[in-house]
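The two complexes that follow have chain A in common; it is paired with chain B in the first and with chain C in the second.
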Partner chain A sequence: MVFSSTVFVFFFLPLCLVFTLAEPDIRVKNIILLLFSLVFYAWGEPVYVILMVLSILLNYTLGRFMAAIPEWRKGILVLGLVMNLGILGFFKYYGFAVDILNRAFGLQLTAHDLPLPIGISFYTFQALSYVIDLYRGNVRLQKNVLDFGLYITMFPQLIAGPIVRYSDVQEQLADRHVTAAGLGRGMARFLFGLAKKVLLANRLGAVFDASGVLTGPTGTLTAWVGLLAYSLQIYFDFSGYSDMAIGMGEMLGFDFPENFNAPYGSASVTDFWRRWHMTLGTWFREYVYIPLGGNRVKPARHIANILIVWGLTGLWHGAAANFVLWGLYYGLLLLFEKFVWFRWEKRPAWLCHALTLLAVFFGWGLFCCGSLAECGQIFSNLFGQAHLGFVDGHSLHLLLSHGALLAAGAALSLPWAVRLRQALMDRHLMFLVVLCAALFVVCTAFLVTQNYNPFLYFRF
Partner chain B sequence: MKTPLRVKIAFVACMLLLTACLAVFIGLRLRRPHPQACDFAVLSETLSEAGTLPDSLPGSDASLKRAFGLLPGSAEEFLYFEPATFMDVDEVLVARVSSEAQAADVRAACLARIEAQKNNFESYGTDQFSLMNEALVYENGGYVCYTAGHHAAEAMALIRKAIER
Partner chain C sequence: MKLLSRRRLHLYEERQGRFYPLFGLIALILLAGFAVWHLALPDAAYSDTEKRALAARPALTVDSLTSGEFMDGMEDYVADQFPLRSSFMKLKTGLTLLFGDRESQGVSYARDGRLIQLFEHYSADQQQKTADAVAAFVQAHEFRHAQFLLVPTAVSLYPELLPPYTETEDELAWREDFLESLPDAMLKPDIPEVFAGMKEAGEEVFYRTDHHWTTDAAFAVFKDAAPAADWTISSFTSGTVCTDFEGSLVRKSGFTPRRSDAITVYLHDDPDLSCLIIHPSTGTSSGSYYVPSALDGREKYEVFLGGNEPLITIQTTADTNDTLLVFKDSYANCFLPFLFESYKTITVVDPRYYTDSVESLFAQTAYTDVLFLYNVQTLAADESLAIVLEGE
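For the complex of A and B:
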């Protein structure tokens, strides 16, 4: 089920809120929320609910026995890592691995590709965080399998994050309160996210599609306009989803971590990754980068650590060569900044911002492709290799038809928009209520007439 | 204090049971009839030769987006025949998908298309409305298929034959 659909906005969410808010007992409240979450997942994924339930039972059992058999703690941790990553690897990377083997060694192995279970990357990482943190002694053992199941399946963040670590919500699973103010803030946040998705991301996606930059030769300006539209689309799409997830969490009494902080206002690529998909960055830092030694090792090992983490970050996004390339591209950029760029102390701020945006822009060129051939197509278009001229009728048509949307998107992706939202929520309640009511009406009008438009990050 | 042996045996038994459940689940998923690599050009010819597309025309990316809200990247590959005129409902869509997320997207788009067409023809085109009531959506692992119109059932049978072993 998609958040930005009439079924979700007008039926599923209100019903869930009514049932959970009306129930005073936290244990019953958790069971209701668990049932709603399973229905939410089963809506588009009936078979793979079984896989998710098996994953819940597996990690719950690992936790129980990690506490019961202290002398086997390390072995149980390793078993948990192997089994969780094994399941993720089988469903997500098996076909990719067979393809690589066939190409590398001229083999003719057959891969029985299974459809990728939706959200598996997100819920596997959440389950792993529980097992690892339990081993480290950072969280308490969860003895109630239903509460643990709720942690894994909680529908606001099940499909596309934020990646909530068990330590973030362990207290709230046992005791949480919903206040009228929290409910109002959550609704406002949800509506801001819905507006980002419906009013901006979907329309920017149509501009990217109309540019044809992926599918064939285009003029240079058309390619740049198309990729600009994609850069804005993916930000509003994913940050919109995160806003909706955080807002729903607040309505249900949970405090989910922030996932975005105006990343297009960053002054460096390092800064960008502190503001974009922050929960994924935190996960890799806590569970991969620091255990590898982080930066407290020799320079060569430090460089290797960074490249490993970014290679894995790319691979996490998808089983395709362009995602690995995209991850390594960022690894190399971060190394360049760390060892070269940051040593230039008097670098102008405007230049830093401009170069960061350009680097991120080219990064999306690698990311939006479905294959290396498409990557070749998009970069060939960007650098005029399609030989269709710099400006053509199509590029002018795109700019004249969608220039205002692109300008509004660019302006609203900057830090002032986040500050304005915060100021509205903190100090201008009357204006906030009026704005939310207007957004709700406009979004509803778009929802009723729009085609099916899933979130981009569902595929990961 | 040393952990009692029965606890360790219980752990091993639980892990074996869960691993067996996972293996059975994966085994059952792999045993389902697998879609064979279907050549859409051949399938297109088959559908045309069988006379299942008299009121349809080959669709474009733009018409696919307009009718279903699907972009070329929404699936690995599409075969689409759109209604020949705005008063026709004969339509075929076959999508090769590589993930459950893609399958869910295309399936939802097909269901939305059926509802939209029914709304278009309700109280206006009774024949078209009843044909849309008989529209078919079928999913098999790597493919999601949709047929509507006078030859929906025959077209779907040919598509299923082409994608299933």
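For the complex of A and C:
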């Protein structure tokens, strides 16, 4: 189920809230929440829900063994890593790996095309955070399999993050404050996220599709407008999902970590990655970068560490060459900033902001394509290699039809919008009510007409 | 941000403490309220505005659950049957229009609120196929007059009303191409010229809310084509039968038009001329071409002929032995009455719905004339005319 559907907003969510809020006993509350979460997942993945349950049982059992036989801890950890990453690798990377082998060695191996289980990258990383932190002694053993299941399946963050580490919520699983005030704050946060997704991201996505920048030659301006639409779409889509997740967490008494901090206001690429998908960055730092030695090693090793982490970060986003390229692109940019750019101490702030946005913009050019051929197409369009001129009719059509949306999106992607939301939620409560009422009506209008589909063949 | 004094911070917290519980409760009641409203509302089977069957509650079976069909069906069902759905649609198109997006579902919200259907997709292959089939059909039979009335639509008549840089294909070029592939012996009246004259005279050629031509435009084209086709131009009295017509483009796009249209019909002045409309599919017949009761319903355009039928035969009391075979789309519906004076029998085939053989029609009537009447956009998107003509 996705959050931006009428079934979720008007049936699933209120039903789940009524049941969990009415139940005072936290044990029972957790079971209700677990059941709702399983239904939520099964709604989109009626078969793979079994895979998720197996993953829960596997990691729960690993934890029990680790506690029961401390001298085998290391072996159990390795087993856990191999099994979790094996499952993820099989479902996500198998086809990609076979493709690489075929190309490299001229083999004719065939990969069965398994559909990717929704959210498997997210819940595998969550499960790993438990096993690794248990090994390190940073968290306590979870003896209740239902509570552990709830941690993995919890529907607000199940399919699109934030990646909640077990240490973030281990106390809250056993004891948390579910309050009416939390319900209210969470509702407001959820509504802001829903508006980002439905009113901005979905429409900007349509502009990107209409630009046709991936599928064929376009004029230069068209390509820039198209990629701008994509850059804004991906921010509002992803951060909107995170807002909704954090909001729903608050309604249910959970305190999930923030995942975005106005990343398009960043002063450097290093800064950007502290503000974009923050929980993923934390995960890679905690469980990959620091174990590799981080920066407390020789420079060559340090550089290698950074490239490894960013290659993997790219790969995490998708099993395709362009994602690896995208990750390495950021690895190189970060190295450049660390060793060259930051040494220039009087670099002007506006230049830093502009260059960062430009670097991120080209990054999305690598990210948005489905194949390297499409990457070639979009970059050739961006740099006028399609020889269709800078401005053409199509670009003006896009700008006239969607310029206001693009401008509004660009403005709302900057830090002041986040500060405004905070100010409204903390101090200007009457404005908040008016804004929320308007957003609710408009979001509903866009939600229920998503499948507005007039019969295109006229009856006369 | 400025640091707030401790007292003010405390004040804000206190206000939030009173505000948010109430806010949360009201929000929850609103969400649940819509769900209850939805459940209480009887399900509609059909949408008048969208002209399609609405999704019904899906059946719950093990198969539909494991395949995900049930879930997809549920999403469609909840969205389709949502309370106030059509008002929400109007709100949505109103807002997107406000943001400058003047297109919805291939319909442009043109200057002064006129709705214009854009000419977007066609296949050159299909264009050739249809033209070949028409040419072969005409050459295989001996008609006195074979005529193609290919009517351009509003998009090519009012390019200046479209928002700047609207993207649409060239309808007139498509029309030229197509007509050129037809045999030279066929009659192909220059309809764009007729329309240009009407436009200059300030007459309405197209409805503002509907994709059809007006009856006035049909009559002007009839008069223009009549001499070459040996049609009798009799005298008519025209009258407006409704002024609150909101046509197909309104429901297709969801745009709210600035004003509605008027429908005009033309009646023969000759009291002795009458006609009998025979519907072979239902075995019924009626003495009137017009269906006034349609004006009370949502589908006001069905006042002409009661809508589209695969096949009808019109018998007239005209003093002639000429007979006509018509292949048409809905543009013919307001046009046909002009021909009653000129033919004894008119057989009207709508290839989109007609599945029988065309040759079997010749067994009953030896047609002297054949008329193809289409608008460019329907013909460009159509595959059925070639199929019916080739008769496989």
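The criterion applied here is as follows: the second predicted complex is superposed on the first by the 450 of 460 C-alpha atoms of A that agree within 3 Å, B and C clash if a C-alpha of one lies under 4 Å from a C-alpha of the other, contacts with A are read in each partner's own complex, and residues count from 1 in each chain.
Rule of thumb we're sticking to: a residue touches a chain if its C-beta (ideal position, glycine included) is under 8 Å from a C-beta of that chain, and two chains touch if they have at least 3 such contacts.
Keep in mind it's a predicted model, so treat the numbers as computed, not measured.
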Which of chain B and chain C A:A386 touches, first, second, both or neither: neither
Partner chain(s) touched by A:I69 [first = chain B, second = chain C, both, neither]: first
Touching partner for A:L57 - first (chain B), second (chain C), both, neither: first
Chain B versus chain C as contact partner of A:D209, first or second or both or neither: first
Partner chain(s) touched by A:L158 [first = chain B, second = chain C, both, neither]: neither
Touching partner for A:G186 - first (chain B), second (chain C), both, neither: second
Superposed model, chain A: greater residue contact from chain B or chain C: C
Partner chain in contact with A:I118 - chain B first, chain C second, else both or neither: first
Touched partner set for A:T6, first chain B, second chain C, both or neither: second
Chain B/chain C common contact set on chain A: 44, 47, 450-454, 458-459
Residues of chain B defined as touching chain A within the complex: 2-3, 7-8, 10-11, 14-15, 18-19, 21-22, 25-26, 29-30, 34, 61, 65, 68-73, 76, 97-105, 107-109, 112, 141-142
Residue ranges of chain A in contact with chain B within the complex: 2, 44-45, 47-48, 50-51, 54, 57-58, 61, 65, 68-72, 76, 79, 83, 87, 90, 112-118, 205-206, 209, 214-215, 370, 450-454, 458-459
List of chain C residues in touch with chain A within their complex: 1, 12, 15-17, 19-25, 27-28, 30-32, 34-35, 38, 49-52, 65-68, 71, 74-76, 78-80, 82, 85, 88-89, 91-92, 95-96, 99-103, 105, 163-167, 211, 248, 251-252, 254, 299, 301-302, 307-308, 330, 333, 352
Chain C partner contacts - residues on chain A that touch it in the complex: 1, 5-7, 9-11, 13-15, 17-18, 43-44, 46-47, 179-188, 191, 203, 251, 393-394, 396-397, 400-405, 408, 419, 426-427, 429, 433, 436, 440-442, 444-460
